[in-house]
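Common to both upcoming complexes is chain A, partnered first by chain B, then by chain C.
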Partner chain A sequence: MSAPQINVSDVASLARLTLTPEETAKFSSQIGQILSHMDSLKQIETGNVPEVTPPAQPNLRKDEPTPSLSLQSVLSNAPAQANDLIVVPKIVE
Partner chain B sequence: MSSSSKWEAVIGLEVHVQVRTRTKMFCGCVNQYGDPQNTHLCPVCLGLPGSLPVPNEEAIRKTILTGLMLGCQIAPVARFDRKNYFYPDMPKNYQISQYDDPLCAGGGVTLDPFLFPKEIQESDEAKAGRKIRLVRIHLEEDVAKSFHFEDRSGIDFNRAGTPLMEIVSEADLRSPGEAFSFLGSLRQILLAGNVSDADMEKGQMRCDVNVSVRPVGQKEYGTKVELKNLNSISGVRRALTYEIARQIAACEKGEAIAHETRRWDDEAGATFTMRTKEKAHDYRYFPEPDLLPVRTDQGLADSARKLVPELPSELQTRLARDFGVTPYQASVLTSDRILCGYYEKAAAGTPNKALVANWILNDFLSTQPDPSTTPVRPEFFGELADLVAGGAINSAQAKKVFTELMASPTSPREIVKKLGLEQISDSSALSAYCDEAIAANPRSVEDYKAGKMNAINALKGFVMKKSQGKANPAQVDEILRSKLSA
Partner chain C sequence: MSLAHESIASLRRRLASKEIHSRDIVRDLLQQIDAREKTIHAYTHLDREAALAAADKANSSLPLGGIPIAIKDNLNVLGDPCTCASKILEGYKAPYDATAIARLRQAGAVLLGRTNMDEFAMGSSTENSALGITRNPWDSSRIPGGSSGGSAAAVGGRIALAALGSDTGGSIRQPAALCGCVGLKPTYGRISRYGLVAFASSLDQIGPLTRTVEDSAILLSALAGHDPHDNTTDLRKPETFLTEKSGSVKGLRVGIPKEYFIPGMDAETEAAVRQSADWFKKNGATLVDVSLPHTPSAIAVYYILATAEASANLARFDGVRYGRRAADPRDVLDLYHRTRSEGFGPEVKRRIILGTFVLSAGYTDAYYRKAQKVRGMIRQDFEKAFASCDLLLTPTSPEPAFKLGERTQDPLKMYLADVFTISVNLAGNPAISLPCGFTKSNLPIGLQLIGPRFGEEKILQAAHAYEQGHDWHQRLPPA
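After this line comes the complex of A and B, so read on.
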């Protein structure tokens, strides 16, 4: 069976990553291996297995507020901040 | 034939609606607009590793309620999916949304003629009352608010993770006016169900528009363009009017329409290219592994069913049938439920319901714009209407009573007494006034007898003046005519 192909350059551009040609080749082969491993799941015969019914009472939450984090602790994780905003590189589509 | 009538526009809308809940979609942080920045955040809505989402039951119930109000089928089992994209307004780098199994499918919005722009409410297009089909309604989480500075952007995550419904229409709309009515009609239904305040200018309702043009009679769609940055219902109409004309002009010159997203600039009154869609977005949807499917058929849908209110169309029918108001008045009352409740109380105790509607919708609204805080008790309107209909005061006097009622709200009967306005309906008193009038105006009497019927007005005027406006005009007319023909 041939290894499934994935366009690593496309995925990298979606994730805003810049890859060298060497990295692209390396990741293509690595991800291909992962995908072909996952593909083995498709070999399993599941036609006779009944679909799992979700539980009647799913884990839902009542619409009641719980405490939030303090502004200080929220901002403490941010690489940059100003005026209580988390600052990121300019984003305009 | 004008060139534009050879072309037809095809329009579909994607409407995002903020669901009114106390807390966010997947965590207990407060869902509140306008609070200090970055103060309603926790590990879940910040997307910190190891946190797990738990769906808000109320947001699901309100989405089902919306589906029920719009005639959708409610999925017995709905699922959440991850929509992956990399953008700083989304802390997890994916948005929890619904892809294959949304909560609601099908349904539709009927276009209310009175929610078309004013100047085309009488058009055939408005009167047609078309039903615009919906594809689906799904529930997802909203993203953060971004502020753009010269060289960087700042993010307030308070809105991130708040519940957001997406209502997707079929490409059934054919004109900017229809899109305008669609949004207004939809908003009215959302307000009736208390699902959202759905104010576009506050971002509670946001709308993306897909529009293309094709020659009339052609089945295939033209290349569609997506419009963004539409911040009001009238803005949607203006943007569509511009964009349709732009596309028709391009087609007539033989130019191809680019498959692109265009930004509406309300000040410039034009759309501008934002990006071309050479490559479709690849969101790599997959089932959200952190969430179980939601069973709606185990009580959730039933609990939503109990919340279905009297819908705007039902209310309009009832107002016309039980209160005798005009279709236009019914539409105005329907668009303001507080005013409508006030009117229903005002008209409850009187048979003169249409008269009460006239006062409330014309005179009352111009002096007391907020019926929820007005000191004027609604029953007073019924009382006033009965006084006029019973002949105790005439309509000119009613205006005086009304002015006084607004200035110092008390029972109209009291006001009539206080102002000494009680109409004279006693026929012997009126007869005496009429005799006086005839004696004092021999010229008019002669004219009348000679066939100048209008001459009677001078006599009536005399009686009204003598009685200080209190004489019942209809009765005076009757008495004068009988005396003059004797």
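After this line comes the complex of A and C, so read on.
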């Protein structure tokens, strides 16, 4: 079965990844092979079989505030911070 | 004999009677680590002084009081690194304890060190670690399995008494089989994943790797139970497993699924597993031929669903809030792209791309939704099989440990190593792998017992009875 067409660089970009030309070439061939294997599912007659969906959640806890991590411990891992805020490059011009 | 060779069950008794102290166990383990870790490289992080200090404070009246446990490096342990064997989590220190870790602490355990893994638990050989490979303690030219390869190599190599792992498609059971230890993947919902770095949330489950089945039950008893922080955990009351050991398999109906004995599987593995089935029969169990007809589709289903979920879960690693951040980003998109491209290794990138593709416009019906339907059929297969038997007996892996480097260039071939373990994750059932023999070249072989959902007690009883009738678990790897 022929491998489905996939533009690996475009898909990578959707996932915020930039690939080197070597990675693009390698992944294109490997992912093509993997998708060919996955295409075997097309042969399976699924008819009216329901999709598995996330379980209904009967165990939801009440939406009540409870103690959580301190601001300091949350910020302790931030690569850049100032005034108790995480610093990122400017988003809005 | 070094205390490092004993089981948790035996050490608990000796600790409780004050015959030994927790520090003695940690000291003996550190000695073993000094002798073997250079070859095996099971650990990514080990704070000797902290372990000894925790041992000094241990309360031996608690269920795991003073027992050292190693932890896979994808579980948050307050103040420790949690690398997931990835460059992208460089510098990260956990600001909280995972629920599984909090429960170990409540039970009195001493946390020993962090174990190596495939990056973000993606792999079957631990070769996808950014922190170096781990070697199989039985043959250092071979892989330990994965992704919990560090945990399995540590326990199999006698440089940990027990370890926690995580299992999304076989990542506890397959390395346990390849390293000669016991690995349990509990029922989906049995143990809270709060604080486990998520890979594929509809499949991930935490579980123990131990020397014996009894030790597995001891750890499961400490870890299991509802947690408001993980809403998928089951609400039933906490259980203690294997408190009474039947020691018998008489009357047990053992299902043998024909799809788990396939052409091309290793002959010695097949022979050892069939001999194990014969042992059950000789000891009063009935063997029942069953069929799980959708088994051949499981790999395709798994690698669609697991990568789809991973592509969403790993979106959080963007260089903003924690971990690595690319230097001097031009703008925010550049920050995302460069942080992720520099931080993730090849297998993680491959899976994110695959997962993004199967969820992309125009392909979701053909891949993602189709896979969810076939997943439903795989679940039905198990439900039907359990109508005529109490548990299923299969090989854990189609072959013993393969050579380092043998499959790193062929991801599809690597994925096929999971063929006997992933259906269990797709169905949500519990399964245990335990040693059932050795190849002529002295490589461990694993037997898998699969139970109905929340049927851990059943598989632990059967596995314990089998273990009592054999001495595979007492063999030591070469020095």
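Note that the second predicted complex is superposed on the first by the 77 of 93 C-alpha atoms of A that agree within 3 Å, B and C clash if a C-alpha of one lies under 4 Å from a C-alpha of the other, contacts with A are read in each partner's own complex, and residues count from 1 in each chain.
Note that in this section contacts are C-beta pairs under 8 Å (C-beta built on N, C-alpha and C of every residue); 3 or more make two chains touch, one makes a residue touch a chain.
Everything quoted here is computed from the prediction, not taken from an experiment.
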Exercise for the section: Would you check which partner chain A:Ile6 touches, where first means chain B only, second means chain C only, and both and neither mean what they say? Expected result: second
Exercise for the section: Once the structures are superposed on A, label A:Pro50 by its partner contacts, choosing first (chain B), second (chain C), both or neither. Expected result: second
Exercise for the section: Have a look at where A:Leu71 lands relative to chain B and chain C in the superposition and call it first, second, both or neither. Expected result: first
Practice task
Examine A:Thr18 and indicate which partner it touches, taking first as chain B and second as chain C; both and neither are also allowed.
Solution key: second
Handout entry: Touching partner for A:Ala82 - first (chain B), second (chain C), both, neither
Key = first
Handout entry: Touch count on chain A, higher of chain B and chain C
Key = C
Exercise for the section: Could you look at A:Ile34 and tell me whether it touches chain B, chain C, both or neither (first, second, both, neither)? Expected result: second
Handout entry: Footprint overlap on chain A, where chain B in one structure and chain C in the other make contact
Key = 14-16, 54-55, 57, 59-61, 69, 74, 77, 80, 86, 88-91
Handout entry: Residue ranges of chain B touching chain A (in the complex, touch as defined)
Key = 21-23, 27-30, 36-43, 46, 54-60, 77, 84-89, 146-157, 274-275, 282, 284, 292-295, 298
Problem - Contacting residues of chain A [partner chain B, same complex] - result: 10, 14-16, 54-69, 71, 74-75, 77, 80, 82-93
Exercise for the section: Under the touch definition given earlier, write down the residues of chain C that touch chain A in their complex. Expected result: 91-93, 95-96, 202, 226, 228, 231-233, 235, 294, 296-297, 299-301, 303-304, 311, 315, 318-325, 329-338, 340-341, 344, 346, 349-350, 352-354, 356-358, 360, 363, 366-367, 369-377, 379, 411-412, 415
Problem - Residue numbers on chain A that touch chain C, as the complex places them - result: 4, 6, 8, 11-12, 14-19, 23, 26-27, 30-31, 33-35, 37-38, 40-42, 44, 46, 49-55, 57, 59-61, 69, 73-74, 76-80, 86, 88-91
